[in-house]
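Each of the next two complexes has chain A plus one other chain: chain B in the first, chain C in the second.
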Partner chain A sequence: MKLSKKLLLIIISFFSLALCVLASLAFGARFVSFNEVLNTLIHSRMTTINEIVVHERIPRTVFGIIAGGAFGVSGALMQSITRNPIADPSILGVNTGATLFVVGGIAFLGINSPEEYIFLALIGAAITAVFVYGIGSMGPGGATPIKLALAGAAISAALSSLVSAIIMPREQVMNAVRFWQVGSISGATWEGIVTVLPFLIIGLLLGLIVTPALDALAMGDDIATGLGVRVGTVRLIGAMSGVLLCGAITALAGPIGFVGLMVPHTMRLICGPNLRWIVPMSALGGAILLTLSDVLGRLIGSPGELEVGIVTAFIGAPILIMIAIRAKGRTL
Partner chain B sequence: MIENNFSNIKAGYRRRKYRWMMVTLFLGVLTLALCISLLLMGNTIYPISVVIRVLMGEQIQGASFAIGTLRLPRMLAGLLVGIAFGMAGSTFQTILRNPLASPDIIGVTVGSSVGAMVCILLLKMSGTTVSVVAVISGLIVAALIYMLSKVGKFSGGKLILIGIGIQAMLKAVISFLLLRAPQHDVPAAYRWLSGSLNGIQMVSIPKLFFVVIFFGLIIILLGRHLRILELGEQSAITLGVRTDLVRLLLILSSVVLIAYATAITGPISFVAFLAGPIASKLVGMGAPSEFPAGLVGAILVLGADLIGQFAFSTRFPVGVITGILGAPYLIILLIRTNRTGGAV
Partner chain C sequence: MKRLKANHIVAGYDKKIIIDGIDITIPDNKISVIIGANACGKSTLLKTLARLIKPNSGELLLDGKKISEIPPKQLAQILGLLPQSPVVPEGITVADLVARGRFPYQSFLKGLSAKDYEAVEEALEIMGITDLANRCVDELSGGQRQRVWIAMALAQQTDILLLDEPTTYLDITYQVEILDLLTDLNRKRGTTIVMVLHDINLSARYADHIFALHKGKLVAQGAPSEIITEELIKKVFNLDCSVIKDPVSGSPFIVPKGRHHVKLNAS
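Take a look at the complex of A and B:
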């Protein structure tokens, strides 16, 4: 892709993101006109109701951008590590794993602070992802989409029974979990964002460090080794980065599926196979998609709102189905 | 020489038939034993003579209510639903030639769950309407998965992947419904979602019985063709099987069984998935495993209900127990099929 085209792409993306942010601040139970939104942002006043509403919407919008970006990068990394077009936190059972650990923590260890939530969710996410990938990659052909998807679905089913067994006798836990089981960014606060930020920064840095090596990996393990890449280490760091990014967001927002599946796919179609472009562009694309889905959820669900996890499932699942339809026979 | 071979084949056939009968008999006896113990056990343990007298229609203070109104419908529902899940699951696995392709893993069960949840939580309906809606939504989802996987070149793997995609959407709908439900409905909805035999009344049993018998019989009668289908599409056509018709009838009957059972008890996890492999291991290769799979399904449900009711200080719904017991087996099966490359 030529440099001018890339520049154009970047400009368009940032412009779309800005539009989405504006929309996210303007739409909701109470509509605030774009002019007013801009005025509020520039003068940072908090006097009229509209101005307060806009301020209230800032944390969730910021978190939407961060979360979408994290999911996009995480998906791009995981897809390239597993050489699998459908590697996504929701497919790998990461969400259920995180849920199980958090539920167990609430029920048995009596945890209630966000830090502990995040820590447990991360552990659960990591263990589940490794486990699912381990089982899905056994046998001839490695981690084919179908094996990975089945392993993820099966293990998610098993883990959800454990979740039910834990919450069934405890009604308070059940109520807490009910709201955590649907991904939503509406409850985002500055404190929450600050808590997950360190995990996200570490994840992002690790991801950016291994991206060039992952590019070499795409040519096959043998060639990559020949080029001086430590295949095992690169995979491990990449996977850690991917799990950190999506696990931390899941801990705060609950399961939001398919962003990590859709965005890298689209970016690969637009910018070609070079990961040095796909990873940052996926961050941008993820941010756009998640903010947009959140706005859509507010518009569709008005006067209330539809949780963003539900919106992304409905946009993303058809994409998964399309990938399945277009795949030719045995390549699944 | 040929004579000798022929008698060998005949002896083998007889041996397999004998084994099938012994296994089925054993499973039948085990099912019966579980049924009886579920009638005997509870807060009060009644002697078998009392149980028989209640079943004969005699009115006995306390026992008539406990056994006739509480335990009998619960036991019958467990038995019938287990048979339905077991037979339907095993049929799916055989047709799609993949032990992992049972209706609960590829999303058909979730389809009927969504229908039933909408009826129960949003429209406050109950009884037959819920069952009918669950059957219809299960059929629609199954048809959708099948039609989408027919686009381009059909393959079992594609069907499973599409099923998982659709399942993701349906699960989002379920979460949405749970979130919007009034708080006092939530525990009941959760219990239903994990599969429970609580609160089943005698009025829903006769219809369930009829559905299980009718569609179960179709599956058993078509089992012969299913054996031939296992040889591969071309061989089956050569041997005179109308493959498309047989497959359609079998899938249709399985979906109705699954969906109807789901409407009554909720999706009892892993029963449909586990029954088939266990049954075919017991009866051996090449023997019809649909009916034994139904019995295994019943044993799983009844046994898990026994455990769920009496083994812990809290009473767990049956689906939680089958889910936890089924998980290790599922993981072993996944590992084994992946090693041999059988998952695709």
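Take a look at the complex of A and C:
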């Protein structure tokens, strides 16, 4: 892709993100005009009801941007590590593992704060990832993309049935985790964001460090070794980064699907196969998609709201089908 | 001085031993070809030299240093590799793919330097694919694609280049073309080339030095004109043949004998 085209893409993306942020602050149960939103932000006043409403929407908007970006990067890394273009963070069982641990914590340990969720979610995500990676590495050839994908799918299925087994007989747990099971960012608070931020920063740094090596890995393990890549180490760090990014967000927002799947795939079609571009552009694209979906959920579900996880699934499914058909046409 | 050496290498997959105690010294600035029947361990030997397979025992030395102790990126600046079936990332252009050969020279998140671009351009030129630079690799023919992969290995600018069956699956025209290009590279840059080839006659023509493997052991090595004999071919490939002079190059040329098609007046 030419540099001028890339610059244009970046400008359009930032502009779209700005619009989404504005919309996210304006729309909801109470509509605040764009002018008023801008004025509130500039003067940072909190006197009228409208101004208070806008301020209350800021943490959720900020979290939407962070969560979307994290899912985008996590998906890009996972797809690259498994060499599977339709892999998303749940491919390593990360989402389901996190879900199981949090649900277990709520049911058996009486846990109910984001700080506690996050540690359980991260532990669950990490254990599952290691477990899936271990199973995927068995036998000759090590952790091949196909074996990883199969191991991830199998473990995911097993863990989801465990989650259901825990939730079904417990009505109060079911109520507590219902929103959480679908994925929603409506409950985001500054405290929650601050809690997950260190994990996200470490995850992002690890991801950026291995990005060039993952580009080499895309050509096969043998080529990568020949280019001086420590294949096992790079895969492990990449997976850790993906787990941290996805696990931390899942802890706060629940399992929001399709963002990590859709965004990197779209970016690959637009920017070409270089991860140096795909990773940062997936962060931007994920932020746009999640913020936009959240706004749509508020508009569609008005006067209440539709959880963002439902919206991303609705947008994601047809787009994924479209991508799959187009991609197939390209190779034929 | 000989740069790449293997001392008493034993290697294989899992518990199965495929190469069983091979001592090998790669002649510098020459083209060496490893030949042998299927499953004799020729690919395994090359993969071991390329550190894709860890030997069960024995040691690999580069410039007198153990290869396992050299940092991978530093090693990748000296020892390049083209494996048998590399993956073409979907939608990648020729120039982008060749540029990935510069990985060993790149530091954290820094883009390509002027030197990197120079190396890429030079590699494209040597392989005669400069005009394909902006094409998608998926769209190219098998022969062109192989030239792109070799260009990637060239952009790596290593003194030693290992290639695992670089001509397999190619039409005879492209086989000769690829081998000619590798010879150019060896003559012009002095690049030490080690490759596995299937075709004995092309090996005898293009190699300066041949390593003949049989059942995991090195059974003969030397210049093709010295070692390619009817006895060696019988031993290594279990094939009866006549060895004549290649009318084009003067190198040994084997003519296999089967059970049919034998002239009545043949001696």
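As a convention for this text, the second predicted complex is superposed on the first by the 273 of 332 C-alpha atoms of A that agree within 3 Å, B and C clash if a C-alpha of one lies under 4 Å from a C-alpha of the other, contacts with A are read in each partner's own complex, and residues count from 1 in each chain.
The rule is short, and it goes like this: a contact is a pair of C-beta atoms (placed from the backbone, for glycine too) under 8 Å apart; a residue touches a chain by one contact, two chains touch by 3 or more.
Source: prediction; values computed, not measured.
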item	value
Partner chain(s) touched by A:M240 [first = chain B, second = chain C, both, neither]	neither
Partner chain(s) touched by A:P140 [first = chain B, second = chain C, both, neither]	both
Touching partner for A:L150 - first (chain B), second (chain C), both, neither	first
Residue contacts with chain A in the superposition, chain B compared against chain C	B
Contacts of A:M168 with chain B and chain C, given as first, second, both or neither	first
Partner chain in contact with A:G228 - chain B first, chain C second, else both or neither	second
Which of chain B and chain C A:I270 touches, first, second, both or neither	neither
Contacts of A:V130 with chain B and chain C, given as first, second, both or neither	neither
Partner chain(s) touched by A:A176 [first = chain B, second = chain C, both, neither]	neither
Shared chain A surface residues [contacts with chain B and with chain C]	140
Contact set on chain A toward chain B in their complex	86, 90-91, 135-136, 138-141, 144-147, 149-155, 157-162, 164-165, 167-169, 171, 174-175, 178-179, 181-182, 257-258, 306-307, 309-310, 313-314, 316-318, 320-321, 323-330, 332
Footprint of chain A on chain B - complex, ascending	100, 104-105, 148-149, 151-153, 155, 157-158, 160-162, 164-169, 171-173, 175-176, 178-179, 183, 186-187, 190-191, 193-194, 269-270, 314, 316-317, 319-320, 322-324, 326-327, 330-331, 334-335, 337-341, 343-344
Interfacial residue positions of chain A with respect to chain C in the complex	83, 85, 140, 208-209, 211-213, 215-216, 218-220, 222-223, 225-230, 268-269, 272-274, 276, 331
List of chain C residues in touch with chain A within their complex	13-14, 47, 50-52, 71-77, 79-93, 96-97, 100-101, 103-104, 106, 108-109, 111, 138, 153, 156
